[in-house]
């Protein structure tokens, strides 16, 4: 079976900083890959390249065998790659539910200018998604009044609303209280499994990594230092020293 | 002035035994006046407003027109065409004005003329120059109490051809808007007809309100044309002349400035002797035929006392509109057996009306166009005035130089031949006289 | 606000009715109101773009485009028919909106405003420059069109135009309201708050904005055609940058987030302007500037917010009374 | 076009560019620091010009030493910038720094409208003209054509001094560096304890003074009529947009482009003269939205 996403020899630099220096990575359908690494290793840059926010100076990104390198994010998103952000990217002046409905309209291309958004048939589905992530009670509130943790979850819900085949998550539960973390992640993983969504998540919490990832990729200095099962990777001495900090 | 108006009114040839029903005498005669009170053209609009107020004060002091005092309501043309049109209408429909004086801008004249016609209100185009209005449409309610661009330009050209018969090259520097373009069309058409061998070396149309003409001046200095024509006015003309003067251009070419009467005082001595100046009519505070008349002199001094400057041509145009108003009402009253006339009777009284403001008498032609004499002169410097005044003045008879009724100005000018120059009736005057 | 919406609708209908009967009571008000409503349509266009947080300092160009194209069309047809002239003006504005829009929707905020300003100044200069075609700064007379082949006298024509404009204001106001409530309209305000997320939902912010831009061009164009017809004259002045600023001014005066605000703002603006210019000719700009300052400093939500607040207060009072 | 004519066109272009630059550079500085596009900037130009004309006419009428007119021009500019600039910044702008950009723009638009009438009430509608400084400096001859020394030498020199002076001020003095710091990163600068309020006031007064200086220096060659401010502000917008917002040196080059474009148009294609600045602006913005020298700001996600 061919990989769902293939990244080949990707390079990019910002001024003097090399953020991607020959990155190779294959992603199998259905798997859940965690990306770990020290700050500035190029983890977010990798997500930015995969989703077209940055154009690599060299190398290719293939999704289901098609070259998507340098295509704009909206085109890549329409192919089935969704993303949640480290800093939540939301429509601050809309309510949570309105955010979700815009996503639903985007997915179904419901651009009839004379039908009110509140009447979209996906409304119930969207409330369901919010419920899964435990934020349904905020549905009618404006986003700019919400705490950061809730925003992170809404951001993830927005990505899920697109029914993607590949979901890229940038520290999905940072800012969420640790008592809720696992509960939410359980729900998220279950949702991903139900919809057969392949996922990549950048994570600093090694407990999260070992619990939810099928494979782990370690980033360092713009390169993939190591790829393996959570157990193998977390046992590696270099990784423990450079990344985990033990 | 009083005496002339009375005389003109007496001249009015209407039946004393008219039988039309008398309207009730109103408490006042309301006149709406559109004039520029803001924007660059307020250099014309403000003096005209002051002049109008002075003249109406004088009328009211002697009891008004036919015993009815006149009240003026002003509209600022500077606020834009939209505003003028809606104010025009408000004045007619809400304030019930009896007569409108509209307007200075040709664009506004174009807009309000059909409006006046539809609203059935008597309208005097008191200062706009576009020749097109009566050449393109017939009007019952709209009259022009002054000349239009064609006689103004033609008189200037005729003067130039006499004063400087051998010139070979000409350049034009006009403001880039309708007046600048139209006036050049008229002038150049007439020039081709009357002196076909002249070469036009540059046609420059700097932006209206341009702050700087140095590029144009440089180019003209390099081209060295015999004659430089500019129909610009106000701040634009002042800037152009001063920059040209500072850089010696006025020593090099003869300037022909048909509207510069309105800038003479402001330009001071920077306008040297020997350049040709027009006044859009026979409008000049030292009008050679009236300057010794005590009424004329009195008004000039009173105006100067009020505003600090001598009257310029818009004030004269305003005086003609007011004279026409008075003459028309007096004539209509007479025709109505001394009773206050219906509005339609006032309109009827306009036919062939002759009236006199601060210049020579003006007569309304059958196409509602006024026949107004044109005065052109040459600058000289004299001791009594700190600015250039006119010498070698010529007053042109309007009947010879105004487009005949029913003809299009451009076509008429094309049909002229060089011997036209000598066929025109003129009177000559000098400053010293 | 949903609980108030019946009240809202009643108020709008009552106001519309009030506007509709004004000319029968005060005939002079008819043209003033037509102009105000036409300007309201143009302001509505600016309001659409304000949803996306974009301020155009050049939208008067579409007013001019609508007015001039309708005038050219009318003159070519010897007057033309009202319907043809209206459609012609609007379609030309749409075409221009599309072409200019393709360029300007790539820009945001100050650049968006500036580029629109630049385009409008190019157009303004060309209208003044090509004197033999456009009549230069004096502009062009607008011939009175027929209605379905019937020629009309001024009074009838103006009456028809007034009620037509009122109907268009109501109808288009409602349609624009629907549009802004639809996902496409909501995506406009999403452009304002987070374009990145919009892009990551697979939506092109430029397309969303382009639709809004063309809608706004059409509304401004329509307003322009009507202004030209009422005035009987079109001049380049219609497209000068100060006029664009005026449209934004009116949008803020009425309340930038609201369809009703566009018309309320335009009505108040026209009345203030007319009376200020008539009775305080020397300081009418100062009066308008003062009004604008007061609104921005003390009632940034505009007239609609003032109205909304007073309604809320009223409701709070009636509810606590029993 | 002969080389000789090209030389003449260049000289004209430079003189014009010098005036436009002085106004535009003030506008761009104010934008750089305060992020407000000040529509009322044109009013400072106009009021600076009117005040200068009044002073020059007053001095001439009083029969004072004619060379006093030059300090008079400077006095007018500084006076208008300091008094009016401080008043507007303190009384109005300080209230709107936290508001949306649209509202900020509209406040300056309102100030512009108010000042238009203020000019009319103070100076009336008659054109003002105070050419004394031009006469004093006399003429210079270049390839047989007379130029006024005022336009050929004085204006470009002053513009150059302003440019160099601004550079030195911004790089070498404490106040200048504070301005640069706030321009480059407002959050960082305020986090470091820079008193943004004082920097704003300083910048606004400085920028306004430059506009007023442009007006004062234009007054001897231009007749002052109602509406000059409105024209100047769009032209400065064009310069600022072409250069890139907040770019001081860029503004000089953009002003030159517009000045030369305009003067060459008069020789080659007079029809285009008026459109040149806006055409340049459209073309530049379409190719480089951030302007010729502007920098792109990219969001971090």
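Which chain is which? They are A, B, C and D, in the order written, and residues in each are numbered from 1.
Convention: a residue touches a chain if its C-beta (ideal position, glycine included) is under 8 Å from a C-beta of that chain, and two chains touch if they have at least 3 such contacts.
None of the values given here were measured: they were computed from a predicted structure.
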Chain ID, smallest distance between chain and overall C-alpha centroids: C
Farthest-lying chain, centroid of Cα atoms versus that of chain A: B
Chain C and chain D: spacing of chain centres that average the CA atoms, whole Å: 33
Length of the line joining the C-alpha centres of chain B and chain C, rounded to whole Å: 39
Distance from the mean Cα position of chain C to that of chain A, given in whole angstrom: 43
Distance between the centres, which are taken as Cα means, of chain D and chain A, whole angstrom: 50
Chain A: positions in contact with at least two other chains: 53, 85, 89
Shared interface positions of chain C, touching two or more other chains: 128-129, 196, 282, 284-285
Residues of chain B whose C-beta touches two or more other chains: 37-38, 176
Of chain C, residues touching chain B in the complex: 26-28, 31-32, 35, 128-129, 131-132, 135-139, 141, 153-155, 227, 230-233, 235, 237, 273-274, 277-278, 281-282, 284-285
Interfacial residue positions of chain D with respect to chain B in the complex: 4-5, 8-9, 11-13, 15-16, 19, 120, 124-127, 129, 131, 134-135, 139, 145-148, 151, 218, 221-228, 231-232, 262-263, 266-267, 270, 273-274
Sites on chain A touched by chain C in the complex: 51, 53, 72-75, 77-78, 82-83, 85, 89-94, 98, 101-103, 105-107, 110-118, 120, 158-159, 162
Of chain C, residues touching chain A in the complex: 175, 178-179, 181-187, 189-190, 192-194, 196-204, 211
Contact set on chain B toward chain D in their complex: 37-40, 42-43, 45-46, 78, 176, 203-207, 209, 211-212, 214-216, 218-219, 221-222, 234-236, 238-239, 242-243, 246-249, 266, 270, 309
